Amino acid sequence: MDGDREIEIRDAAGRELARLDIDREKRTGAPEAVFAQGKAPEETLAIAEALVERRGHALITRAGRETLALLRRRWPDLRIAAHAGTALAGIPPEPAPGRGWVAIAAAGTSDLPVAEEAALTLESLGRESRLVADVGVAGLHRLLRRLEWLRQAAVIIAVAGMEGALPGVLAGLVPAPVLAVPTSVGYGASFGGAAALLGMLNSCAPGLMVVNIDNGFGAAVAAARILGHSDQRENSRA
Amino acid sequence: MDGDREIEIRDAAGRELARLDIDREKRTGAPEAVFAQGKAPEETLAIAEALVERRGHALITRAGRETLALLRRRWPDLRIAAHAGTALAGIPPEPAPGRGWVAIAAAGTSDLPVAEEAALTLESLGRESRLVADVGVAGLHRLLRRLEWLRQAAVIIAVAGMEGALPGVLAGLVPAPVLAVPTSVGYGASFGGAAALLGMLNSCAPGLMVVNIDNGFGAAVAAARILGHSDQRENSRA
Amino acid sequence: MDGDREIEIRDAAGRELARLDIDREKRTGAPEAVFAQGKAPEETLAIAEALVERRGHALITRAGRETLALLRRRWPDLRIAAHAGTALAGIPPEPAPGRGWVAIAAAGTSDLPVAEEAALTLESLGRESRLVADVGVAGLHRLLRRLEWLRQAAVIIAVAGMEGALPGVLAGLVPAPVLAVPTSVGYGASFGGAAALLGMLNSCAPGLMVVNIDNGFGAAVAAARILGHSDQRENSRA
Amino acid sequence: MDGDREIEIRDAAGRELARLDIDREKRTGAPEAVFAQGKAPEETLAIAEALVERRGHALITRAGRETLALLRRRWPDLRIAAHAGTALAGIPPEPAPGRGWVAIAAAGTSDLPVAEEAALTLESLGRESRLVADVGVAGLHRLLRRLEWLRQAAVIIAVAGMEGALPGVLAGLVPAPVLAVPTSVGYGASFGGAAALLGMLNSCAPGLMVVNIDNGFGAAVAAARILGHSDQRENSRA
Amino acid sequence: MDGDREIEIRDAAGRELARLDIDREKRTGAPEAVFAQGKAPEETLAIAEALVERRGHALITRAGRETLALLRRRWPDLRIAAHAGTALAGIPPEPAPGRGWVAIAAAGTSDLPVAEEAALTLESLGRESRLVADVGVAGLHRLLRRLEWLRQAAVIIAVAGMEGALPGVLAGLVPAPVLAVPTSVGYGASFGGAAALLGMLNSCAPGLMVVNIDNGFGAAVAAARILGHSDQRENSRA
Amino acid sequence: MDGDREIEIRDAAGRELARLDIDREKRTGAPEAVFAQGKAPEETLAIAEALVERRGHALITRAGRETLALLRRRWPDLRIAAHAGTALAGIPPEPAPGRGWVAIAAAGTSDLPVAEEAALTLESLGRESRLVADVGVAGLHRLLRRLEWLRQAAVIIAVAGMEGALPGVLAGLVPAPVLAVPTSVGYGASFGGAAALLGMLNSCAPGLMVVNIDNGFGAAVAAARILGHSDQRENSRA
Amino acid sequence: MDGDREIEIRDAAGRELARLDIDREKRTGAPEAVFAQGKAPEETLAIAEALVERRGHALITRAGRETLALLRRRWPDLRIAAHAGTALAGIPPEPAPGRGWVAIAAAGTSDLPVAEEAALTLESLGRESRLVADVGVAGLHRLLRRLEWLRQAAVIIAVAGMEGALPGVLAGLVPAPVLAVPTSVGYGASFGGAAALLGMLNSCAPGLMVVNIDNGFGAAVAAARILGHSDQRENSRA
Amino acid sequence: MDGDREIEIRDAAGRELARLDIDREKRTGAPEAVFAQGKAPEETLAIAEALVERRGHALITRAGRETLALLRRRWPDLRIAAHAGTALAGIPPEPAPGRGWVAIAAAGTSDLPVAEEAALTLESLGRESRLVADVGVAGLHRLLRRLEWLRQAAVIIAVAGMEGALPGVLAGLVPAPVLAVPTSVGYGASFGGAAALLGMLNSCAPGLMVVNIDNGFGAAVAAARILGHSDQRENSRA
């Protein structure tokens, strides 16, 4: 079976830190990112360095403050979505022309960190995205005013906390694939974003696709798969 | 302490069936209804008869098919919202003029039983209501087209299952009090209406008021309290 | 479609901080408040300043200590419900005469922060409220002693944690609309206020209306809608 | 270790049906009852017969209709709380004089089956009980009117579904031990009685003791332990 | 605002049965389907007839046995996925050539009804799909043997109950968009499909997109959006 | 209605801090305790001082470190169960002779804080208690060795976290009333004590009575009610 | 990769019913069983026949009454655990000598169906088991009396519903591996077996291993793996 | 009854700290460990010292940083799995030869703390283990490459967070007993590890055995029971 090379990353003492799945990009279209939760800052840095060295850039997610600070010392021009703990080191690939772009719509300003995680992830994957905030359903007119703009996107990522109604309303208005990202914004009976998640899963607008709470990263990878697919198919037709 | 008279209802064998709270209407503005769940059909009938005899009409909620059939045999002109198990026996009070009316908006046709329970309850309380269906947020234009009509209602009861987004969208569009009724319409992760309930409780449109799942009855009583209040206040100013 | 003007608020660097929904008050009767959760203190301050400048006052909710301190430095006479993270900057509208007042009943002293959030919100909306605490159902006599006073309120906001029984008991005693606010006061199987929330949703006293856990703000906006409605209706009759 | 004799009950084919814990009454003060859920009607009957033969009576709980019918054919004078699936075969012990009695208060008539299960269980244990229904907190006056009567009970079992507020209100009014029994009466967000259960566990009236949903049997056994204890202690002092 | 025409469907007595959102297909790319849950069989039939008359075919979901039988009497050549309650009446559009096809992979044979609902929905939308079953992760080799075939699909719909691991494993092996459909197949701690749903939402294979439990219909509409999008984009480039 | 006197406690600025329910002890047999959660340390101190002044002692529950330190500065001989946040100020009543005593059994040493809260509460109520720890069911022999001792208690309070099996095992061995207190000791799927709570509610040993998670205070008040009852009954027989 | 042969089973019309994983037994030590849930009776029969033909016997789980009746018509000597929906067709392998045996302990008679499913599954795998019932923790003496017998088992499967305490108590008494099987026996707050499941997962007796609710089949396969392992190891030492 | 000796551990003031179950190892094959959660660092140290003194080593679990630091000062060569709060003081028994070894497979590097807790526990029990990380199902090839190595283990402990799919995939590939350990690694809808736990309980690969979330300790004790059993059985055959 091909597509299965890996490299070991070790610390100074020779202890293995991680095994990188080098062929994941070849298999799935997206390179491995560094999931920093539960790793020491130095471990995260070492893995990120190996990735930057090997393919020019690395995306780090779920990083704490200390880790972000360490990464920034290493790469002063690090791109950061600080509230979401996401960082992009090195130089990502240039966006390919003619692929279409991803619209990222955040219901409220408090949902912006998750939306920015999605934007940074798309950048790391060489995809173009544009972001709009404060278009939640309590101010429907602001959403409707941007409708023509949203209809031009190839894919829409809709980010919302609380009751999470934005993606469903959008999916009733546009034909593009709509990716719904629930956020943990809210309190009380939002139960850490569960209310928004359930709302999106039960949307009466069919065709909505949902990812985990606060998972801007996952939504971006999914959007890239959708964008990428058509190119791939075109290639196979060539 | 006043406002506390009660009457006992007994079956043929002299066994006590219920104690009716005669002064509840005086205390709270709404007479006691018959909660049929867990009662034998004959018990429900006996209690309803006592109420009709005493104040001319009776509202029965959560009644099964057998109970509804028995009630209809007793009162051939019984008003019924069959899917919701609600019935109105006898002659309800005439709607008082000049009090305003309640708009009942159901997101889908599957939500109609709960909406009709609310309408029947309002009728039993002498309040006027008007009902519109199929105005869910997946077809936003149908909702917006009825906006002027909705703005003329004194109170709005918004009934929705699945993700339950309708009431929140409405509350961002009108100044009237909006009562949200989640329904158990849905499947899978709707968890019997819990998803709609959570969505409504977490609405980013402030001022939404929520009742229990499928509780069209409770929403109607609440709406009557709101309508009634202003009259009462006017009286106290008289 | 009218009622949809918005203004952008930008920081010194020109980065957009928020888009304010200027016509929300016109549409819904309540102006937009600043939801501070997830915003940097400076962002919250900038948005609040724009609102105060534009309409004379601003309500801020879910603010942390740091944000409250910053706001107080800016407006030394800031009104604060510190435990609930609510603040009122600028000069709110004068209460309109003859509209009736809102009774706010807190079951225990630990529920006071949420009750005070409701009071501050009503003040920001130009509505009169009066607050009473320590009237929980474990000391029923204290509640009954205040019954006559409660019966004179146009709307009642009942705030309770733990088992959340106060609103249901109240709704069985008075004809006014009763708004139930569950709080997160409690421990163990209160599950962050879920027990109180469920208790209120299942009250056997029909007509209870419920808002999210700790949502004194939402209850106040709902109460203002109820009060406002009758005036509006009177106007439309004029 | 003593207190551990058991007898085997076998069917006609010699297959073991159950092992009865003969000394349980000696150890714990209450004899073993027959839990019929998941047993064939004939199995339940065989076990009940063995118990009646051995100690003169048997209590059967969680029995379905078919099982109850079979039991009644065997014992035409069977005592039954049909809705709760509880039956008492044979002749229970005479109530001991001077031990005090148990008040069973049911919030609504729909809670009566569980209340009657408690009454039948107490009868099987030779304890006196008296039952009152329709004293839920929505009609507080009806409860207060029975307060003096309730204060004379040695133990109170308070049975309530929906929000389950009755036991907490009672515990704030009387000094006797109050046993709270949540019932599955309700719908929607009652989640099969979970709302009532949580309400009782979180009561702000300290000293409330709670049993499982619909567990009138368990409450009765607990009440018998409380009543019995003092006698026992007296004996040990003798 | 355009795209908002609707038609009313009435029964013989002139009672409105539903309002069809005629322009939904124009707005969103997918025509409205008939959600039969909570509707009488005759109502469902009447709505389906109106749709068939207007656009040549109609998809009906969540239909009970009685409704399916009625539909089949009306259209003897009705296409049915009986276990899922899905039916396709009339003649769906021809699959457009050159758009790619959707692979539907069901983990076990018990997941087939949901997979077939997806297939029937895609057929109603004029999209080609191919289905493979029994490729769950407990028999990994069977999945790996079909890997090349799966890599040729433009979109993959992966259907799985129990622990729901299939979609995540697939997303680590192919670059196409993977839509995960949890099913209610399982027992005990599967909690009606919640375990599978949570598994999919938490997949460590980034880019997985999830729909509601048993929602083969929604997955198919989402897949059609993904396929459709590229054509649309190509068009806009033309 | 009697039994309803209250006193107001105000701070230096005249702001009302609390209303004490002076007659609660007369009504319910237990005086009001100070629930410190959500109160400022100074408020708690002021209320405790009022209680000590009025009846000689005060029990404070759910107090944080800062509050406990403040209380200790005020009363250097304060009795404290620090981990549980419980304190007893002033001089509690002497235990009445001949009433029997309460056995408090803690499954593990980690459950001791809750057990000690129960002991301190009983002391404040003038009841005698004795405590034993490390008798969990994983070391059954240690429990059995103390069985004779446990059989001499008038009431047993069994405190356990994790799976919470101790109370059920005990209730199968002794005839005394057994009060089960689940604790939040555990991790993972203990869900903050919910696993222990559910275990106790579902015990197959009938007659178990359960209180809220970590609620040693409530269990002690309940035990006092049980002890008190028999005396009361004896008195009424005198 | 080896170990991956499969065979297709088709109905008369040539429609594929299932793909059997022929090499599963070789890979995992246990042959594939037929999971009947969601399959038509005829489908289950066809698959079972193919398995009996191929390896002499077949185990069917989660079968409904209709399916069991059909199987019994085909194999009159079918072994059935009817309440659990488990059946064993054909002639299972002879138990290998000298491997030790599995003790199956059921807490109550209502737990027997699940225990019998485990016994039948072990029989189908050629393992010896012995079953004892009615050894729940409420009658501890009955358990202790069988302790010596239990200590001779190589593996113990402990089956319990309600609070599920039996496995934890056992694991504190014996050194053998203890497999805990929660059952759905119970009501109210047992939440379909979730209470027993949580109790077992949180047992303070370390080393307990848990399977899904009512999953006697899974526990038996796990026990066979444990028994088998040692032999295997012995072989590898040979 | 034998096997029930215990020793008391007291602090300098003579206050009892714990009662150690000296014969647990004799009864169950595993000595008692020190559960540090909820204990003061000094208490934990005192108990650990008593155990080291008595049997040469002690395992401490759920220890906080402060406790670990104190233990390390006492035993400079303390073995620590710091992230999991586990420590091994003193000199554990030598691994017995010829017993086979335990493979510990961690899905991701973030799951390593739990895996290391298992390894340290096995070491304390005199069992050999080998650990491999980063073999999660998103990179299936890395898992398959280690398959032969895994097949040589006598028992496999599979540790995974997020969707928890690794153990199920493994159980479909090898015949050894597979112990599944869910971890709390994840965010959002992982609900603290509940998603992984549910996934493992519902695995379609029969024979999986599950322990509590993050419970590497429990998995290791279970693995030791499995390993130990065969030896024991061999002995009994000797």
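Per-chain residue numbering starts at 1, and chain names A, B, C, D, E, F, G and H are given in the order in which the chains are listed.
Note that a residue touches a chain if its C-beta (ideal position, glycine included) is under 8 Å from a C-beta of that chain, and two chains touch if they have at least 3 such contacts.
In this text the structure is predicted, and so the values were computed from the model without any measurement.
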Chains touching both subunit C and subunit D, listed by label: B, F
Distance-maximising chain from subunit F - centres being C-alpha averages: E
Distance between the centres, which are taken as Cα means, of subunit D and subunit B, whole angstrom: 36
Computed distance of Cα centres, subunit E from subunit C, in Å: 44
Subunit H, residues touching no fewer than two other chains: 1, 24, 108, 138-139, 144, 171-173, 188-190, 194, 197, 201-202, 205-206, 212
Every chain pair in contact, whichever chains are involved: A-B, A-C, A-E, A-H, B-C, B-D, B-E, C-D, C-F, D-F, D-G, E-G, E-H, F-G, F-H, G-H
Parts of subunit E lying in touch with subunit A, wherever the complex brings them together: 1, 24, 27-30, 33, 98, 100, 144, 154-155, 171-179, 197, 201-202, 205-212, 217-218, 221-222, 224-226, 228-230, 232-233, 236-237
Complex contacts: residues of subunit E adjacent to subunit H: 107-108, 136-140, 162-165, 168-169, 171-173, 186, 188-191, 194-196, 198-206
Of subunit B, residues touching subunit D in the complex: 1, 3-4, 6, 16-19, 21, 23-24, 35, 37-39, 43, 62, 182, 184, 192-194, 197, 212-215
Footprint of subunit A on subunit H - complex, ascending: 83, 108-113, 133-134, 138-139, 141-142, 144-145, 185, 187-190
